[in-house]
Structure formats: C-alpha cells, structure tokens
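These notes concern the structure reproduced below.
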Amino acid sequence: MTKTAIFTGSFDPFTIGHQTVVERALLLFDKVIVGIGFNMNKKYLFSTEERVKNISQLFENQPKVFVKTYNCITVDFAKENGADYIIRSVRSAQDFEYEQNMANINKHLSGIETILFFAEQKFAHISSSMVRELIAFGKEVDDFLPKIN
Amino acid sequence: MTKTAIFTGSFDPFTIGHQTVVERALLLFDKVIVGIGFNMNKKYLFSTEERVKNISQLFENQPKVFVKTYNCITVDFAKENGADYIIRSVRSAQDFEYEQNMANINKHLSGIETILFFAEQKFAHISSSMVRELIAFGKEVDDFLPKIN
Amino acid sequence: MTKTAIFTGSFDPFTIGHQTVVERALLLFDKVIVGIGFNMNKKYLFSTEERVKNISQLFENQPKVFVKTYNCITVDFAKENGADYIIRSVRSAQDFEYEQNMANINKHLSGIETILFFAEQKFAHISSSMVRELIAFGKEVDDFLPKIN
Amino acid sequence: MTKTAIFTGSFDPFTIGHQTVVERALLLFDKVIVGIGFNMNKKYLFSTEERVKNISQLFENQPKVFVKTYNCITVDFAKENGADYIIRSVRSAQDFEYEQNMANINKHLSGIETILFFAEQKFAHISSSMVRELIAFGKEVDDFLPKIN
Amino acid sequence: MTKTAIFTGSFDPFTIGHQTVVERALLLFDKVIVGIGFNMNKKYLFSTEERVKNISQLFENQPKVFVKTYNCITVDFAKENGADYIIRSVRSAQDFEYEQNMANINKHLSGIETILFFAEQKFAHISSSMVRELIAFGKEVDDFLPKIN
Amino acid sequence: MTKTAIFTGSFDPFTIGHQTVVERALLLFDKVIVGIGFNMNKKYLFSTEERVKNISQLFENQPKVFVKTYNCITVDFAKENGADYIIRSVRSAQDFEYEQNMANINKHLSGIETILFFAEQKFAHISSSMVRELIAFGKEVDDFLPKIN
C-alpha cells in the first residue's frame, strides 16, 4: 500500500528547515505532497507561482515529491490527494500547542493522522516570517534558504 | 526496505494510550518493537516478566509487533534491532520539551530520527504513573488498560 | 448574598465549549452574565444581534443567565452588573498565560477575582476561530455549536 | 444547597499563598475543607499533627473552614465530605499543565469539577518546597507563612 | 573597555516595567541605548517624537542613557552604536520562547549576545499593549507609567 | 566598581555548555565565581574535589574566574563573595519558569539580581544529567565536556 503524506504551509518562502523535513519524510513515505495553501485575503511576499516553481525545482530529481497549491481546509486537500498523513515540523513548545490543537481538529473532522518531525536543532531558529523580515530590510538570506544546484 | 521503529518506555503498566500508539505506528512501519527499559536501581510495580507477557499477549495476532527488554541507552537498543526510528507519544507541552531534548541527544549520538505521535485526545490524561497511583489506593483501573480478548 | 459572575468573550460564534462553561458556572453562581464584547474596529462573522439572539435562545429556560453586550473594559462591565467574579475557560498552557496576565491586570484595576474552569477534555480542540475557518471554507460545523431544541 | 469545596495538598507547610486561596474560596463556597494528604512512604518536615494544628488555629474564627487529613485518592476524599468542587491554585504554566491533567483524571473518575484560583501575583514565588529549603538552611521564613494573631 | 547595551522595542508607551530594566541595566553597562524601532506600516498610539521626548526626559539626569530611533534590523542598530549586548526583559514562558528565537537569529546574523532581565514580579502584568487598551477606553494609566519629577 | 557574578550549580559534571556561559560572562563581569553547591543528602557522580579540580584547571589561565564550593542558600553565597549578580543559563521554556521562580525568591530574600544567558543553540540539548546517564551506560561523553589543553 502506498503511504502518502502531505506537508502543508504557506512556505513564503520555503526554508532550509522545510527542506530537511521533506527529505526526512521521503525516507518514511512513498509519496510526499508539498501543499502550498493560498488565501485570497492574505498578502504573500512571494507569488504562488514563484513558490511552486522554487519548490518544484528543488525536488526535480525526487520523483516521490509533488508540489501542489490548495485553497480548502487541510483535511480536504489530504483526501483529494489520497494522503493518510499530515506531517508537521515543530520548533518549540508554543508551536507544539498549536499543532496539537490542529491535529485534534483534523482528526475530529476526518480521522486523518498528524505526525510531528522535530526541526533540526541547528535550524530551529529559522522561520519563513524571520526570512521575510530580513528581506524587508534588505539583508542577505541565503543561509536560510535551500541551495539549488 | 523494511521500516522499523522502536517504541520505548518502562510501560509500568502499558496503558490504553500506549496501545493506540502501537496500533497507529503499525500502519506506518513494517515492524514495531516495543522496548521495555529496565534499570536495576528503579522499582517497578509490575515485574519485567509481567510486562513482557501482557504486552506480548495483547499483540499476539500482530506479527509485526515485537516485545523486548533492554538495559542500555535507547539509540543502542535501536541499532541492535536495526531500527531507523524512535517513536514517542506526547500529551502536553511539557512532554514535548522533554521529547525535543531527548530527540536532539539521540540524533547527536547516532543520527537516528525521532517521530512524534499525538496522544489521542480522549486518552490524553492517562499515564502509567496515574494508573500506579490508583492501584496503590485500591481503585479500579480497567478503563485505562488495554482490553485483552 | 447573590453571587454573580460574568463570562465574557466575543463568542463569534458561541461554541459547545462555551455552553458547558455557562452550564457549569450556573451550579456555582446565582447569576451568570454572558458578556459579548464588541469593538467597532474589529470585524465579526456573526453580527452582535445574531450572537445576542442565539445565546439568549439557548438559555431561554435558564432564568439565572443574562446576555448582554458591552464596549468597555471587562472590569467596568463587571462593576456595572454587580459581578464579583470573572469566569474564564482555559484549553492549554498558552491560554493559561494569557489569562493569568489578564487576571492580574483586572485584579490590579478593580480587585475583582478571576476564576478558571477547564475546557471539557473532549471539547478542548474547539474554538470560535476554528469554527469561523471551517465556515469560511463551507464546511459543516454543527458538531461544534450548541444544539438548540 | 450547600456548596462545598475541598482544597487539598500536603501543606508542608501551609504558606501565606495557601491562606489567601482559602480566604478567597470562602467568599464563593459555603464550606471549605482543607484536606491534608498523607502518605506513609513520604517524609514530611512538619508532622501531620502540627499541620492540622497550625491550619486549624489559623481559621479558628472561620466556622466555614474544616481541616481534615486523608489517605485516599482526592475524589474519594471529596465524596466522603460531600464536596462538589476541588479548588486548586496555580502559579505558572507548568503548574497549569499538571492541574489540567489531574482535573481531567478526577472528572473521569467521579465527574467532580476542579476550579482554579490564580496565586496572588505578589505571592506567586512562594511554595512549600521553597520554604522547606530555607528552613533547612536555617533561614527566617516568617514572610512566607500566615501570621497567627 | 566600554560596555554598551541596546534595549529595543516600540515602547508605545514606555512603561514603568521598561524603566526598571533600564535602571537595572545601568548598574551593569557603561552605556544603555534605548532604541525605539519604527516601521512605516505600523500604527502607533504615541508618535515617535513623543516617545523620544518622554523617554529622554525620564533619563535626562542619567548621562549613560541615550535614546535613539531606528528603522533597520536590531543587530544593525547594535553595530552602528558599537553595542555588544542586546538586553531584553521577559515576563512569561511565552515571552521567553519568542526571545530565545530572536536571540538565536541575532547571534547567527552577527554574533551579538542577548541577555535577559526578569520583569520585576510586581510589574509582570504590565505591558504597552495593555496600557494602550486602557487608554482606548478612557481609563487612567498613571500606575503603569514612569513618574516624571 | 568591580562587578562580580556567581554562576552556581552542582556541575556534576561541568559541561561544554557551562563553559560557554563562564566565557561569555567574563566579557561582562570583572569576576566570575563558579559556585559548586553541595548537599550531604545528595549523591554525586563526581566528588566535590574532582569537580573543583576540573573546573579550576579549565580556567587556570583566567585570573578573573574563581571556583568555590558552598553549602548554604545561593544568596548567602553571593553575599559572602561580594557578588551583585547571579547568572544562569536557560535551555527551554521549562527551565525558564524554574529560573523565574528562583530569581523572584532570591530578589525577595536579598535584592540580588539574576541575569539569564541563553544556552548556545548547538549545545541546548546538553545537560549534566544527560552526561551522567551516558556515563552510567559506558558511553563516550567527550563531545559534551570541555576540552582541557
């Protein structure tokens, strides 16, 4: 049986921390779908197209990674894609409480299971919002983003 | 490639919460090894033999579950059993901080990955220590332990 | 002496979790005033009128429950209504820190006491913001709202 | 209907923080039973007799306060005393998680409700264990204990 | 060697809690620079000019305190001012997690050290946002702001 | 005026994380006293003599570092040594709550100030208890201890 997981977020932008989650998830799942949520009422720094392009390019040699956008609740995105698992990465106790709440809601709504990976310790300070803030002030952010060869 | 996970603890006793973790892990892993840690300096309510027997009986129809005891650090137990993953269950933010610390240590020592399952919401108040306390006061604990058919 | 408590929030909407808090508070207090805060600068999904109507209807057979709106600080609303207690419900450690801070402020400003009820474990994942999110995506939310007979 | 609450702990010793909880509880409940738990396997700094005597003396003019010892689980002590509520005081988020867990267990076992009071901000650093530590080093602890007139 | 620290925030307004941090920092550092961050996209209750004026006046007899505004990332503000330390004040575990994250980012970006002071216990409930809320409702806030002689 | 800080703990053993705290404190204070607490009722893995010797050797070229033992409450040790500051290192939100409580007690008892350094992110998983556990199982712990040249 194919084991499929979705890894969802706004990924604005997709950081080096997100990259390690996908890479680690690939060892456990047969298929990992990176789901880029979009919401017309929210403003993003990077367009949906850019984000799809960047993430797709990063994993272009990984046939088990799929990049999609979605504009529905997470469990519906999971069901449409035949996914049995939602994977999330946690960096702190505060992240954890948010994820626990979301996992309980998602289980209530659909029975779908959420599984947590730990953020790599050396990347635990890296978040998309921090990267956006640095970009806003014209700083270099290469350290925090995946290296595309 | 066989995906093997260890699920470790003292399981004194193994609760209904632990049972759901093993059952959910079975959907994701090819082999789940329940590792009962023992430490000569610690006192247990249930003997190692009882715990091995009870857990083995519970999963006797699950050929993918193995019950073992160990008296070494967790990552060595994982390596001896060819396990690539440590699975843990978290009930609260405080549990989370402990697990994050252990996961970082275990990754440092061996590169092995720890993955978190959420305790089922309806079982989130159940812990082995609570069950032992109830037993000490002569209370009924059937609600908190697996049903053996 | 009549013991009066206020239970305040934006209740946008009033969930099944809020309902149990009022019902449990009724066992302890002589009078429970549900205070719907409104703020002209905030957007609500349900109008103040709808919220007043829904909550009033829910408790129409409970002569000890009163539903009011207010647009002042919480302790002034309490004083205007002769309330001696603010009751709040907490779902997580993060909620708790927020409530502790508010309780300390309210005690400083007026001496009024805040008392915490625990969210019922089975409803601990339910929040108004989660319900609004589900509604925004066209999902069914009956499970999370009080049943009106 | 008489509203009865138990306020339980080992109270080794009963601090000025505990005192304010009882005093505040008296405004809300008709009867407050201070329950001193004892456990033969635990060592206490103050004997059970001393603790009963000190707390009784402190509230000797409060006919609504009763001081008792118990050696059973908390909900049984509540039932034996016709109490409908367990009251607890919380000082920090860490305290909160412990109390939430206990409240869920106690509700599961008996349906009994737990209600939280906040520790007074100015006393939030005071705990029995801190007082014992100071006593062990021969320090003055009058600041932390109730004044008996 | 001169030891210089920056103490940054939006200080909208500068509270009695902020004042004690500066006063305590003065005992440790040779120079304390209060840095008022401003961001054109954010709305403030007090204008930058008012905030600079109020804080400057408060410390006018303290030749070691300097008040400046900045519109760049914190570590750049530190470097421009020859500061070796960022000082921050924490009131709760939730504050702490935010500060730990920021400190790790700032160390990564520049090697600069962040040092935490505890909010004075009696002021731990006071925050700028709470003061702004009280002002919005026309309440007296003198208790929460520094006394200017 | 000489600025003196104490850095206290049982240091059983003194880890690479503790070392960085002392090194960073040396940049801020004129004198850093490493205070090794001992308690006759506690069992240590390393004898007091070993701990004094190891830490002294590590800083033998740092004339501003002093290594002492003490068997009293922390604020008395500070006063006896003319120290104005207690420095502590925090690794997590849970550590933080403990430290906040201790800092409030110590300020109450003596007015002495506690200042927090963040554990270096890359060492945040290292604790003395973890090192003792590894030693108990015969594992190599060189990675976690200071390098003595």
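Just so it is clear, A, B, C, D, E and F label the chains in written order, and each chain counts residues from 1 on its own.
The criterion applied here is as follows: a residue touches a chain if its C-beta (ideal position, glycine included) is under 8 Å from a C-beta of that chain, and two chains touch if they have at least 3 such contacts.
All values reported here derive from a predicted model rather than from experimental measurement.
Colleague: Shared touching chains for subunit B and subunit E?
Modeller: A, C, D, F
Colleague: Show me the overlap between the contact partners of subunit C and those of subunit E.
Modeller: A, D
Colleague: For the pairs E-F and A-E, output the one whose chains share more C-beta pairs in contact.
Modeller: Pair with the higher count of C-beta contacts: E-F.
Colleague: For subunit C, which other chain has the most distant CA centre?
Modeller: F
Colleague: Taking the mean of the C-alpha atoms as each chain's centre, how many Å separate subunit A from subunit D?
Modeller: Measuring from centre to centre gives 47 Å for this pair.
Colleague: Taking each chain's centre as its mean C-alpha position, how far apart are subunit C and subunit D in Å?
Modeller: Each chain reduced to its C-alpha mean, subunit C and subunit D end up 29 Å apart.
Colleague: Between subunit B and subunit F, what distance separates the C-alpha centroids? Give it in angstrom.
Modeller: Subunit B and subunit F have C-alpha centres separated by 34 Å.
Colleague: What's the distance between the Cα centroids of subunit A and subunit F, rounded to whole Å?
Modeller: From the centre of subunit A to the centre of subunit F is 39 Å.
Colleague: Which positions in subunit E touch two or more other chains at once?
Modeller: Residues 92-94, 97, 100, 104, 121, 124-125 of subunit E each touch two or more of the other chains.
Colleague: Give every touching pair of chains, nothing left out.
Modeller: A-B, A-C, A-E, A-F, B-C, B-D, B-F, C-D, C-E, D-E, D-F, E-F
Colleague: Give every residue of subunit D touching subunit F within the complex, in rising order.
Modeller: Touching subunit F: residues 91-94, 124-127, 130, 133-134, 137, 139, 143 of subunit D.
Colleague: Which of the residues in subunit A end up touching subunit C in this complex?
Modeller: 72-73, 76, 93-94, 97, 100-101, 104-105, 108-109
Colleague: State the interface residues of subunit C toward subunit B in the complex, per the touch definition above.
Modeller: 92-94, 121-122, 124-125
Colleague: Inside the complex, what are the residues of subunit D that reach subunit C?
Modeller: So the residues of subunit D touching subunit C come out as 3, 24, 27-28, 84-85, 90, 93-94, 96-97, 100, 103-104, 107, 113-118, 121.
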